[in-house]
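Mind looking over this structure? Questions follow.
Each chain gets a letter, A, B, C, D and E, in the order it is written, and its residues are counted from 1.
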Amino acid sequence: MNHPFLPLLVMFAVASVIVVALLTVASLFGPKSTNAAKNDPFESGNPPTGDARIRFSVRFYLVAMLFLIFDLEVVFLYPWAIYFRHLGVFGLIQMGIFLVILTVGYVYVWKKGALEWD
Amino acid sequence: MDVNLVPLLPAVQVLVTALVVTLRDLFIKDGESRGVLAFYSLVGLGLAAAEVFFLLGGRQEGAFNDSYMLDRFALFFALIFILAAALTILSAIDYVRQTGMREGEFYALILFATVGMIVMAAANDLMVFFLGLETMSIAVYVLTGMWRSNGRSSEAAMKYFLMGAFATGFLLYGIALIYGATGSTNLAQISAYLLDQPSEWPVYLIGGGFLLLIGFAFKVGAVPFHFWVPDVYEGAPTPVTGFMSVAVKAAAFAAWARILLYKLSPLDNDWVFPLWIIAIATMTLGNLLAITQHSIKRMLAYSSIAHAGYLLIPIVVGVEWGGLPLLFYLLAYSFMTLGAFAVLTSMTEGDESKDGYSDFAGLGFKRPFLALAMALFMLSLAGFPPLAGFTGKFYVFRSAVLSGHLNLAIIGVLNSLLSVIFYLRVIVAMYMEEGGAAGKSFRQAPFVYIAVAIALLGTIYLGILPADALDWSRRAFGSLE
Amino acid sequence: MDTASFIFYLLATLLVIASLLVVFLRNVVHCAMALVTALLLIAVMFVTLHAPMLCVLQVMVYAGAIMVLFLFVIMFLNPGALEQQRGLWWGFGTLLAMMLAGVLVPLVATSDLPADPVAATELFGSPEMLAKSLFSDYVLPFEIASVLLLVAIIGAVVLAKREN
Amino acid sequence: MIALHNYLILSAVIFSIGVIGVLIRRNLIVVLMSIELMLNAVNLTFIAFSRYLGSTDGQVIVFFVMAVAAAEAVIGLAIIISVYRHRQSLDPQEMQLLKW
Amino acid sequence: MQALLDQMIQEGAFAGVPKEVVYTIAMVLTAVVVLSAFVAPLAGVTSWLERRVWARMQSRVGPNRVGPQGILQWLADGIKNIMKEDIIPTAADQKLFPLAPYVVFMGFLCAFVVIPFGESLIVADLNIGILYLLSVTSLVVVGILMAGWASNNKWSLLGGMRSAAQIVSYEIPAGLSVLTVVFLAGTLSMQGIIKAQGWRPWDWFMFHNPFTFCAFFLFFTAALAEGNRTPFDIPEAESELVAGYVTEYSGMRFLFFFFAEWGNLYVIGAVVTTLFMGGWQVPPVTDNPVLLGILQFLTFFLKAYFWVFVAMWIRATLPRVRVDQLMGLCWKYMVPLSFICLLGTIGFMFMDTNSRRIFGAITLGFAIATIINFFRRVGFQFRSAKPEAYWKPHI
């Protein structure tokens, strides 16, 4: 029962209650007058044109892809960092190989221009 | 912690080559020749092959707590993979330029896939195997979709990827259940557990074995899970198709042989019957559908399904008789299939792959060498003596007979007879019809000719003088003990 | 019913609902959000199974990175139109998968499974223990994983980046 | 305490739900998400086993499964993008060249 | 917390009540107190202070009407927002649109769980503390994308996408710079990291060696970018994108986003303090646990708030960077740099303590020299310009 994550759960529950309470209060006090103009998407006062769900450039995908791969790299580095003292030079070599291989990926991406934002 | 790095040598060699090729490619300007990359790749593969031979002579050891065993079995397969990679690269040099694919990445990905395969064949731990499999699969998915100006290529990649990832799910679930039952992913410990407590296995262990089986069946394209094969093989760039049908299949069979056939053999009784059905269905369906095809590439895809069926026979037969024919047949199959796809590659004109029967019409007069080689590959695939295919089939069916699976042998022979129809059709087209595509001369595509010649030599050699290779196969499988 | 069981059944119910939503909702973005929910619930389950490290990694890698990638691609393609529901095929597929569940569930629902977890020490599931296992028993998979990630980087650039 | 088979049944059910998604959905991205769901169900199995066997191996394996899932997601989505460039559709039924 | 409770239970403070109930009630109470008496005023006062500081730096006055010096401005704003209409546009996604602020807000609140205000003043000292913080941050991205997409507005969608791309990119250098500290501390627990440092500045990780000093700046920069703060506030660049992903929001839901943003500012300060500046470490001046606790809290709070102030200062000083500069800075400079910092720190771990201390001292000396130089320059400005208003902050 005395789980280390229990405070987190409690915090979460309390926060939810507060958020919901605030929203309820707001909806009780706030005015409710709707009209067509208010419900339109905001486009700096112009009448909205076209669909808002425009298509995006593929570079967003490339950034997210890079993030995902490097995030995994960081994720692997964390356990290594806390255990590094016990691993010594052997650990250094292990991680060295890992990092060299991924650095090739980094250089590759850079030279291919996937890091350019235009 | 034992740190014995010698067994990693071939895999590391190929990996380093791949890294070098990747990096070198970045520093060649657009428009300059990238021929040096293919050269690097071939040299690296050659060195890896030399290392394999060197290691064959020495003592075979495991590394990393025996989670990686580079025994003769693994070395045998490493040779097949290196051979397949080298022939693929050779036959692709002109093709890649012609189709506008990215050369550096193409060679590098072939090499990365090879690394994954070597790891798969040597893996003595389910996690090592799994990661090797994924490295290989992902590289091959990308290779399949690399011909970006061609819509078929990316669709084939899509299909291959979805099927592969779906199969991965099953495979992984199987690994999870086996891990749960035995408390380990190390094959040595798993098999020790199986021998320790005979027949008191929990149900989910057997279930895990079956899930692994499904995963493998997907990867080799055995019948209920074969439907992706023709489309993917047809859509992929031709050299990649050759690589897939040989190396990927061999890698899957290597892992299958080591994991299911050998280490989990105590569970055999449960899956012999389903496998028997799968084997028969795979060869029959593959051959029947191959007859109806109009494209040689697609025909070869179905033929590759059928060959997966033949290769399943030794697996049904079991450890005692199945080892030698499985390995030998894979070797023979590699040569003839790679050769056939190399010829097919040479037929490409510009952006179009000329792979219909009609495109081959009259090739015998235009390009006598290519046509002759193609004819021999077809005959070998059909199982005519004195070619490699015949020897391989002979030993496969012999093992079935000796182990008392006479029915399998009979169906196999009947299937081989059936397959003659569509293999001979190619020869008929080449020598008895006219028109069709021109194919490439030696001057236009010298490397394809070299690849074809190597494959042809192998096919003939294994057919006429199989003794050495048989001996190798026997000792390779024996090293699993 | 004690608290632990209550939490388990609550999580399990929510998880099944979230997974069903992933599969049956018609709007792709809604599916993605349902999947995020399912992944978070699985992360919470990891905590109840004494795997706090895996829990945060699950949130970081799956919910925080993989799902962002999915959302980016959804935004990139913006399929817009809702997928049409097709009664027959949906029913058939569902039936097939239920047959699979019918095989899998009895498989694992046996009584020869340990009923109680091994008494967990303070260290079990801690980052230190995980690191110890990862860097002594799983060195080789770790290195292969780097190759895998490299292949993924190269593949993604090859397939998705526009040629200059 | 909750017995192990509860967790296993749960993950088998989630796995099957993922399979449903792969079989019935026509939107490739959702199919990919269903595959991710399947892998996660397997992760749950691993973690449950690791807890009840008292071995850390299961947790380390999940580490690797995450790496694999990430690589698969990256490649899968890249392939989806390249298919979309040719087809302008995410529906496998509309691929004309290759029959599904 | 736990120790204190255990002691009280032992002394018979809650006789007859089961232990679990006591714990649970204590936790709920703590959570309520933390949320309503600390987090809310903190974010609110920060918003007021930011406007004040910013105004002074631009020779304006800023809000000074509600309460003394306008300090209750945030309450007035809060009440105003509660009275506002909660508009959900017809074109918006009716399910995800209301949910998005909630996700962002929760992600921000969850961060407070692991922030160590004192030796025993922490809601939960998880053994994965810092990773937990990073994972919570990455969850906010989902909320932002949700808001951007659900609004069905071009500004929102573009703002959300940019914001998400920016946050995820800067998470890499942030994670790598945190790693340098994790290396030195050998633990992921927030308390463990603080305990590995001392109260003296030269015991802080910031001045451990030149590389950690560099890592500190990288982390702070990356954290600002993750919080969408100037100079990295492209996603909300009002001249381009109106208000980014919050364009369509109004009333309470709008407030939640901003609440999270200002609160997040403090979280950044707190994390920087924990990782690089010795956290709550105080000189051992007293044995009284209560007094010590207060001292620790004040130390931590002030250190953290100093960085909040720096963030405000930066916002008032620097112009916004362009979007391509933003991504280029992250991927081409900060990622490799943080890698170098990491490798350098590893190198220093193999160095013996004494030689290591020399480098630490040089780093500290450099920092002090910079600060002194800064004040010299400021003094020069004052002397030559004689701006009288500077000395009247109470206007």
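Here is the rule we use: contacts are C-beta pairs under 8 Å (C-beta built on N, C-alpha and C of every residue); 3 or more make two chains touch, one makes a residue touch a chain.
The shown structure was predicted, so the numbers you read here are calculated from the model rather than taken from an experiment.
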{"item": "Set of chains adjacent to subunit C and to subunit E", "value": "A"}
{"item": "Chains contacting each of subunit C and subunit D, listed by label", "value": "A, B"}
{"item": "Graph distance between subunit A and subunit D, where chains that touch are linked", "value": "1"}
{"item": "A-E or A-B - the one linked by more C-beta pairs in contact", "value": "A-E"}
{"item": "Farthest chain (mean CA position) relative to subunit B", "value": "E"}
{"item": "Interchain centroid distance [CA atoms averaged], subunit B/subunit D, Å", "value": "26"}
{"item": "Distance from the mean Cα position of subunit E to that of subunit D, given in whole angstrom", "value": "36"}
{"item": "Averaged-CA centre spacing for the pair subunit C and subunit A, given as whole angstrom", "value": "17"}
{"item": "Centre distance in Å when subunit B and subunit C are each reduced to the mean of their C-alpha atoms", "value": "32"}
{"item": "Contacts with two or more other chains, residues of subunit D listed in rising order", "value": "8, 15, 18-19, 32, 53, 57, 63-64, 66-68, 70-71, 73-75, 77-82"}
{"item": "Where subunit A touches two or more other chains at once, by residue number", "value": "1, 4-5, 53-54, 56, 58, 60-61, 63-69, 71-72, 75-76, 78, 82, 101, 104, 108, 112"}
{"item": "Residues of subunit B touching at least two other chains", "value": "1, 22, 127, 131, 134, 138, 141-142, 145, 148, 154, 157, 177, 204"}
{"item": "Which chain pairs touch, all of them", "value": "A-B, A-C, A-D, A-E, B-C, B-D, C-D, C-E"}
{"item": "In the complex with subunit C, residue positions of subunit D that touch it", "value": "1-10, 12-21, 23-27, 29-30, 32-34, 36-37, 40, 43-44, 47-48, 50-54, 56-57, 59-60, 62-64, 66-71, 73-75, 77-82, 84, 90"}
{"item": "List of subunit D residues in touch with subunit A within their complex", "value": "63, 66-67, 70, 73-74, 77-78, 81"}
{"item": "List of subunit C residues in touch with subunit B within their complex", "value": "103-104, 106-108, 110, 112-113, 136-141, 144-145, 147-148, 150-152, 154-155, 158-159, 163-164"}
{"item": "Partner subunit A, residues of subunit B touching it in the complex", "value": "1, 3, 19, 22-23, 26-27"}
{"item": "Sites on subunit E touched by subunit A in the complex", "value": "20, 23-24, 27-28, 30-32, 34-36, 81-87, 89-92, 102, 105-106, 109-110, 112-113, 123-127, 131, 138, 149, 151-158, 161, 165, 168-169, 171-172, 175-176, 179, 182-183, 186-188, 242, 247-248, 251-253, 256, 323-324, 326-328, 331-332, 335-336, 342, 346, 349"}
